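Below are two complexes that have subunit A in common, paired first with subunit B and then with subunit C.
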Partner chain A sequence: MLLNALLIFIGEALVAIGVFCDLAASIGMIRFPNFYTRLHAATVGTIGGAVVPLIGVALMALGADWLGNYRFFLAGASIVAGILILLLAPVGSHVLAQAAHKAGLASHEPIAFDHLEEDRRRGEKE
Partner chain B sequence: MVNLKSAIPAMILSFIVYIVYTGSIDPYDLLTGAIVAVIIGLLTGEIVIKDPGKAFDPKRLYWLIKYTIWYFLVAEVKAHVDVIKRALSPRIPLNPAIVRVPYYVETDYAMTTIANSITNTPGTVVVDIDYGRKIFYVHWIDAKTSDPGEARKMISLDFEEHARKIFD
Partner chain C sequence: MKASELFVLVSIIVFIFSLAYITSLGGLGQLPPVNVRLLAQRYLELTWNPLKPFMSSSGYESVTAIVWDFRGLDTFFETAVFYGAIIAAIAIYRGVKITGKGRTTGMSPIARTITRLSIILIPTVAASIALHGHLTPGGGFQAGSVATVVVVLIIMVFGRKALIRKGMTKARILLFRSLGLLGIGFTAVAILLAGIILGLNAYIFQNQPKPFAPLGFPKLYDGMILGGSLLLFNLFEFIAVTAGFTLVLLLLSLGEEEVRGVVEK
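Moving on, here comes the complex of A and B:
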């Protein structure tokens, strides 16, 4: 019983962390000045705001013994979904950033220096 | 001709994912899981696994688990706190830049691990990659240096050492 209570408590704490990360990510999404810096805020939303609460949900489901055998289904589905988001979300950010930079659609400013642009100009990177 | 040796790790992995996802060890689920795992393993084993010996190396598994724990408890927490502080502070302190970050690993899996690790920590996003010269172009929210070697030390050295021990 103590273990179940502990699992539920840790799970709820992780979900609370996720809520805070999502809130901070959406504030950053509005306040950051351009596309690339907003991608960093989006990363806070995917890892802190999606993967961490999914693991929290898995722990809560494992501790909720009134669910019977369904708790393993809930926990397993959450863990697999969390791992898939962890592996696939960065691919999305990466492709968005690459396409935006290649097409020159997003404003780079403010930016201190841009090695990728330099290498493109010199023809070292196609 | 299907390469059975490289099909087996793929089968085991897809069977584990199936059982974890269904969350039950009834004979029905074990049977359907085994059938699906064999089909998936035979279809994809040759494509996704080049060196089946690496898949059963306990040392690599140990490093993978150690890396996962370290990554979530140290690297992610540090980066999240940093970016959340920037997003919530009144002045929005930013110094963004795109820096060259060289890498020195051989396999595609290790490269993908490093790139995903960099992108998954808030504050750094891999924008482009140069396979020939082995360079990631990383958008960095607080560029402390423009020197590729220094930037590698600050951004990707820990990821790279772990990725080399796991996959290379």
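Moving on, here comes the complex of A and C:
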């Protein structure tokens, strides 16, 4: 079937994108200068490196006829897990960044501008 | 490269190679004797075996069958030890007033919104682990541990007082824990009680009918595998473990100043 082959090809492409994102994220985790940019690299690893391949796995499973009915279980579980990570991982990064900013534990340098700090100062003035 | 970094690198390499060397020297010891491996074979063979109904358990999952059927009495006493520890924790905190009064700050609206979503999702996963425990890997304890994540999230994101204001008071959690434990105890002796009432021979922790003991929990319902007592044990263990962990987390989240006045008396 052409459709099945197409689904498997698209799925494999998504998994390949995930591999690239994971590689980029792991290089970023080592090379980026401060906590906040490293957090960005970690989020690239979770969204690009986990959610995208999970969607790819779901498409591959849907295209894999020889798995029988189990392909729907596999695809459903992958999509649900992908959506959950898509919802939860950014919140984890957000909470970590907010806590680090509030406690002032992580170094800000190098920095262009800091909207959160400006907002906080404005709030203290008012 | 600094000397300390070099030291870390060298020690990791030495650790890996020494582990490999020890393993290749026979670090795993002798293989278990043949009769021990036969026992494992028996477990695998008898977990679900319609050809030997008097010897087999009632679910597909052999870990659950071993834990709650083949060695059910052992697990029962393990549960008793676990609850002994929790009762000791409650005894230390006796007299401490846990109220939901006062302001809670909590985390940002983003964190709160997503936590509200996961408060629904996590118990769903936990219930599926518990109620499917006789068919797929899982079981009551694991499901209870998963469900406890909700409590950690509520305490971290909304604050402990929000948990109490939502109705999770100490008395209510204690009620749920007692319900779970009573359920486990009742499931363990249910067939024995029925046997005494009907004047038949029966055993404690009996799941399926045995020779000269014809009573047993239902194995199948309408072609669906019920798992006999395994399902009930998993369900009640799920309730009991969730309530026990919730109670301990609630007590641990109390501030020092709230506890000190009572403990120092």
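Worth pointing out:
One rule holds in what follows: the second predicted complex is superposed on the first by the 117 of 126 C-alpha atoms of A that agree within 3 Å, B and C clash if a C-alpha of one lies under 4 Å from a C-alpha of the other, contacts with A are read in each partner's own complex, and residues count from 1 in each chain.
In this section, contacts are C-beta pairs under 8 Å (C-beta built on N, C-alpha and C of every residue); 3 or more make two chains touch, one makes a residue touch a chain.
Since this is a predicted model, take the numbers as computed values, not measurements.
In the model built by aligning both structures on subunit A, subunit B fits alongside subunit C without clashing. In the superposed three-chain arrangement, the CA centre of subunit A forms the vertex of an angle with the CA centres of subunit B and subunit C, and that angle is 90 degrees when rounded to a multiple of 10. When the two structures are aligned on the shared chain, A:87 is found in touch with subunit B and with subunit C. By the touch criterion stated above, A:47 is placed in contact with subunit B alone, subunit C being left untouched. In the superposition on chain A, contact of A:31 is made with subunit B only, not with subunit C. After overlaying the two complexes on the shared chain, residue contacts for A:95 are found with subunit C alone; subunit B is out of touch. When the two structures are aligned on the shared chain, A:14 is found in touch with neither subunit B nor subunit C.
Note on subunit A: of its two partners subunit C and subunit B, the one contacting more of its residues is B. Of all C-alpha pairs spanning subunit B and subunit C in the superposed arrangement, the closest lie 5 Å apart. In the superposition on chain A, the residues of subunit A contacting both subunit B and subunit C are 87, 91, 94, 98. Those residues of subunit A that touch subunit C in the shared complex are 84, 87-88, 91, 94-95, 98. Subunit B makes touch with subunit A in their complex at residues 17, 19-24, 76, 80, 83-84, 86-88, 92, 94-100, 115-116, 119-128, 130, 133, 137, 139, 141, 143, 146. Subunit C contributes residues 107-108, 110-111, 114-115, 117-118, 121 to its touches with subunit A in the complex.
Every residue of subunit A that touches subunit B in the complex is listed here, in rising order: 21, 24-25, 27-28, 31-33, 36-37, 39-41, 43-44, 46-48, 69-77, 79-80, 86-87, 89-91, 93-94, 97-98, 101-102, 110-117, 119, 124-125.
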